[in-house]
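Listed after this line are the structures, all set down as structure tokens.
One chain, chain A, links the two complexes that follow: it is found with chain B in the first and with chain C in the second.
Entry: the complex of A and B
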């Protein structure tokens, strides 16, 4: 701590921080552009000028850039000095000379940092009368608009995109007063985190194209705290609604998880909520028109007259919905809805996380790691936001070096000048990954080989760990060097996950983590879906047993919760199961094959229209809240399951509490969201900003009198602009706003310190307490993979845009799907006589034709493996086969029309 | 562990260019450090850098075309559009601007019958502005090809073209 004087007042601030960040942490207003709490200082915009005095006597002082000036004990500065004010106002006037002043048609308007800073500096009158330089804009693909004339050249975009996120296709072009931030030519931005440009750019150069299509000002959007449901990390989001439509998603700061950034799947994958495939009415087979009441009665009767009912849960449904189903059908009749392989994997992971004695880190903690080993994951595709964190972890070595050289850590340019000094990152994966560019070493192999490789590393670290036999010399020496680097680390991190569908890989990852000598070691697993961990903790039975119980006649009725079984098991087995079941009830939000086979379909609300608790991969339970009410007769899944009169739960919180007491591991979920007792009694937190407009008019085309606001009986929020905003914990704020701060950068006002934790704490309850105990070494080492001539093993490789069920139904993402092709090793391709782009026939081992797809060559894919995009419906028939045979297809024929779906 | 990208031909570049660029690259640990040199090699052969060449050079240096474009557009003496055999750069930074840079540029353009950046009809000349050439004490200054003309007067045309 240091004591400094700002405009005559004494303050205690963090030693070594820069003055801008300190001033903002103190809650003072000081305008800035180029500095970003996650990216440090650049000193490029000159907006944060203040006066620094030499000593107590100095009356004149001199202008310094606050973001480039370190805090020193007893320093005297002034933000308010006339000279500083004048400088800042002149500076912004200069930055704005070329700005088109087109706020009324600019989508940044109303949440624009440039507007806020302009008002803050008092530059309210334009004097410049000269010509303005103009630019051509580029088509940057389906996600981002480009309007370069609005640029003030703060350099934040390239600093984020290139330096922070590793994207190479957006650069600064040109020079002096004619700089351009764009691509070499038109085309979709390649980086998976491009959407953050929308929030990083302080002006309206980069805006959300998916939002443009149905644009609404920030102050007219209704918002609630939400959680991203598109992967297992649980990033915090702020979805915005208008006219019953989800219009966009932006980042909601969480100090332990996503910080300031989301991935593009999370930001742009929301379109399914508005999609044509939404189920909006209940359906009963054979009846044309059904109301909610009829459907509910039908449901009741089915349950009443059934011989026995089983329930199939879902890793994409909330804990409460799953628990309600489990309670409805009884513990013995509840199935998790996961195929055997995934079920086993998740159980293995739960066991390791809860009883393995090794901490599972938050994303912020992963960024602190000084050595990382990834086993079997291409994290950019399986847990995207984690990849962004690991990219920062790699920089820790250069931070250490900077520290030794007394360079403050926020001196971004100076640290980058130190050159590519990287903390070790090792990646063992099936084929090349999107993080390879910052990796110290990579290893490619089949899942079995990755596991063996991991076991070898563990053995190098600790001889009592099992040792694989017959490793090649190369593998051994790489394993040794990785072990050495991990051993030297103080905060080593092991990352693994479910992508390889291999328990051996998980176990090997645990062995490595267990063998590490460091106290502060961490182990994290990426999981397939947003509530995979929560569901696995509930301890139900695997899907196959559900099939058995119907097929064996033990039960005749099945209730399926938000789960397309055709994604989980082979077509045949699901067909057989659904045929055999006398009655099939499906509760879901989108049309899918399973829905198509149901006798009774109940329309479920999505994450945007209901509440629930999800457990992320770290083991953190988090609550999401409805952004807007579900359009009648759509209801939250938990409501369909608890509205039956024998139900004990009228309200969501009661259901949460019951779930918490039913499972000791879930006991803490009642604290998944901050308590709201201290909010003024009787009032709720408004979801709509106080400037929300048009409430009396927006439904005037239907009815002139203003309808009452929908009531929310379940959450602390109101579907209204009225309510109590004082004393609301920042983690519960639907909209981030402070007087004078209309952009998302207002978050400064709600953090303990800039870039730190939210005041009153970040949300979520960690369910996993690191225990002292350890599991014994795992010793089941698979044999090395040997390609069998003529047979290929299917590898389902996750893809950020191609694999996740719900975002796949979102229009803008469809434009970024990977090519529909299969990957082959070059030698395999040669042996089959196929060139890139040639179609290939894929047959089962008995040589029955299955599918035909073009081939892509992947140099890093080991021989004997066939890569497909995980989760993509087109490849579904391959997913449940172990091996296939391949034939060069006759190129004259049209590729693949036989594929089911 | 990654194999180097082995491309037999970088479409659009001549063998001589590739050879010279590769020789340049060998002086640096980081290939991209050779980017300015590579662009100059292209200009030596072609006077300017076309889109096609830029993409090929980027590939050769294993950097993105956007990154190389960032380099190319940063430097005044890298031309991303065709130029005449001799480029006439008149300095338009503060001192030269005060002492008549704009007038000189106008005279030169009128004489050559071109706008800034255009090639004269005979293919010989292009006129472009440039930043301070470090000879402010002799302002205004014009760089003709690689020759510096100091203390240029309203007789610029004479002083530069010898008539």
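Entry: the complex of A and C
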């Protein structure tokens, strides 16, 4: 702590910080553009000028850039001094000389940091009458709009895109007054985090194209705190709605998880909510002309007259919905809806996380790691936001170096000048990954080989851990060097996950973590879906047993909750199962093959229209809230399941409480959302900003007398602009806004310090308490993978845009899907006589034709493996680890274009 | 006492003075162009819709009786997909006109809008949009703004240099 004097007042501020960050942390208003809490200072915009005085007597002082000036004990500065004000106002006037007359047609308008700062400095009148510089724009793909005229050259975009996120295709071009921020040529931005440019750029140069297509001002959006449902990390989001349609997703700051950034799947994958494939009406035997009441009665009767009912849960449904189903059908009849291999894998992970005695870190904690080993994951594709964190973790070595040289951490450019000093990052994976460019060492192998390699590292670290036999010398020496690097680390991190579908990989990861000597070691797993961990904790039976109980006649009716079984098990077995079941009830929000086979379809609300609790990969339970009311007859899944007679739970919080008391591991979920005790009695938190417009006109075309506001009986929020915002914990704020701060950068006002935790704490309750005990060593080491001549094993490789079920239905993502092709090792391709792009026939070992697709060559893919995109419906007949034969296809024939969609 | 007498005198005097009130509706007073009555949407001098769907009028409206949705034509010109004013709520305050950066929305001297059915007070874009420029004849927002629209590329707006060539090395 240092004590400094600002405009005659004295304050305690963080030592070593820069003055801008200190002033903002204190809640003072000081305009800035180029500084960003996550990316440090650049000193490029000259907007944060203040006066620094030499000593107590100095009356004149000198002008300095606050963001480039470190805090010093007993410093005297002034924000308000006339010269400083004048400088800031002149500076913005200069920045604005070339600025286009665009605000009314600019997507940034109303949440524009440039507007805010212009008003803050008092530059309200344009004096410059000369000609303006202009730029041509580029087409940057389906996510981002480009309007270069609005640039103020703060360099934030390239600092984020190139330096922070590791992108290669966005650069600053041109020179002096003409600098241009764009690509070398038109084309989609390649980086998986490009969407953050929308929020990082303080102006309207980069804006959200999907939002622009259905544009609404920020003040007109109805918003509620939400959780991203597109992977297991549980990033916090703020979805916005207008006229009953979800319009966009932006980042909602969480000090432990996503911080300031989301991935593009999370930001642009929301389109499924508005999709044509939404189920909007209940269906009974294919008839959709029915009401919620009729459907509910039908449901009730089915349950009443059924011999026995089984329920199939879902890792993409909330804890409460799964629990309601489990209670409806009884514990013995509840199945998790996971296919056997995944089920076993998740159970193994739950066991390790809860009883393994090693901390599972939040994303912020992963950024602190000083050595990382990734086993069997391409995290950019399986848990995207984690990849961004790991990219920062490798910088820790350069931060240590900077520390030794007394360079403050916010001097980002200076630290990057130190050169590529990186903390060790090792990646063992099936083939090359998107983090390889910052990796110290990589290893490619089949899942079994990755597991063996992991066991070898664990053995190098601790002799008592099991040792794999027959490792090659190369593998051994790489394992030794990795073990050495991990051993030296203070905060080593092991990352593994379910992408390899291999328990051995999980166990090997645990062995490595267990063998590490460091106190602050961490072990994290990436999981397939947003509530995989929560569901696994619920401890139901695997899917195959559900099939058996119907096929054996033990039950005749099945209720399927938000689960497309065709994505989980083979076509044949699901077909057989659904045929055999006398009555099939499906509760879901999008049409899919399983829905197509149901007798009764109940339309379920999506994350945007209902509430629930999800458990992320870290073991943090988080609550999401409806952004807008579900349009009748759509209801939340939990409501369909609890509305039937004899149900004890009329309200969501009662259901949550019951779920918490039913499972000791879930006891803390009642604290998943921040407390609402402070809210003024009888008043709710408004979802609509206080400038929400059009209330008396938006429904007037239907009926001129305004309908009452829809009531929300389940959450502390109101579908209205009325309510009390004072005393609301920042983690519960639907909209981030402060007087004078209309952009998302208003978050400064709600943090303990800039870039730190939210005031009154971040949301969510960690379910995993560190236990002192450890599990015994795992010793089941699989044999090495040997390619069999003529046979290939299917490897389902996750892809950020192609693999997740719901975001696949979002149109903008469809343009960014990976090519529809299979990957082969170059030698394998040569032996088959195929060149890149040639079609290849995939058959099962009995030579039954399955599919035909073009081949792509992947140099790093080991021989004997066939890479496909995980989760893509086109590849449905191919299951992970299946053996197939390959034949060069007759190029005359068209590749299989009628693959099921 | 004096003031009472004066009042009596004043009342009496008014019996012989010309009336300020007129026999509306038989007799119609002349209203000034800036009188605040029925709201219209105007066109720019080129005959295109002036409104760019910026939502400023809607947010300025104290009774929230304007609702609209932005859309774009194939060249990127913003315009409202729908534009609705609920005149049964409108208080003719003129804030929308003041907020409008394009001179699109204007109040007119017409105030005769009575309806038997309140639903008929809801005006959509086709009821609001006129063919002319209204009170302000010259202003054309898109000629000033930097956005590209059909037949106006970058650098062709008022006071603009041609687009920068980023590949040049000349100072």
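In the analysis below, the second predicted complex is superposed on the first by the 891 of 901 C-alpha atoms of A that agree within 3 Å, B and C clash if a C-alpha of one lies under 4 Å from a C-alpha of the other, contacts with A are read in each partner's own complex, and residues count from 1 in each chain.
Here is the rule we go by: a contact is a pair of C-beta atoms (placed from the backbone, for glycine too) under 8 Å apart; a residue touches a chain by one contact, two chains touch by 3 or more.
Note that this is a predicted model, so its numbers are computed, not measured.
Visitor: Any idea whether chain B or chain C touches more of chain A?
Guide: Comparing touch counts on chain A for chain B and chain C gives C.
Visitor: Now for A:442: first (chain B), second (chain C), both, or neither, which partner does it touch?
Guide: First partner only.
Visitor: Let me test your reading of the model: by the given contact rule, A:859 touches which partner, first (chain B), second (chain C), both or neither?
Guide: It touches chain B, and chain C stays clear.
Visitor: Touching A:105, do we find chain B (first), chain C (second), both, or neither?
Guide: Only chain C; A:105 stays clear of chain B.
Visitor: Using the superposition on chain A described above, determine whether A:173 touches chain B (first), chain C (second), both, or neither.
Guide: Both: A:173 reaches chain B and chain C.
Visitor: Touching A:183, do we find chain B (first), chain C (second), both, or neither?
Guide: A:183: touches chain B, not chain C.
Visitor: Is A:64 touching anything from chain B or chain C once the two structures are fitted on A? First, second, both or neither.
Guide: Neither: A:64 stays clear of chain B and chain C.
Visitor: Quick check on the output: what are the common chain A residues between the chain B footprint and the chain C footprint?
Guide: Of chain A, residues 173-176, 180 contact chain B in one complex and chain C in the other.
Visitor: Which chain A residues qualify as touching chain B in the complex?
Guide: Within the complex, chain A contacts chain B at residues 168-176, 180, 182-185, 432, 436, 441-443, 859.
Visitor: State the interface residues of chain C toward chain A in the complex, per the touch definition above.
Guide: 52-56, 58-59, 61, 63-70, 72, 78, 84-86, 88-89, 101-102, 118-119, 121-122, 124, 141, 144-148, 154-155, 157, 159-164, 166-169, 171
Visitor: Show which residues of chain B lie in contact with chain A when the two form their complex.
Guide: Where chain B meets chain A, its residues are 1-3, 51, 54-55, 63-67, 69-70, 73-76, 131.
Visitor: List the residues on chain A that touch chain C in their complex, please.
Guide: Chain A reaches chain C through residues 100-105, 109-110, 129-137, 147, 149-150, 173-176, 178, 180, 212-217, 219-220, 243, 691-698, 700-701, 703-705.
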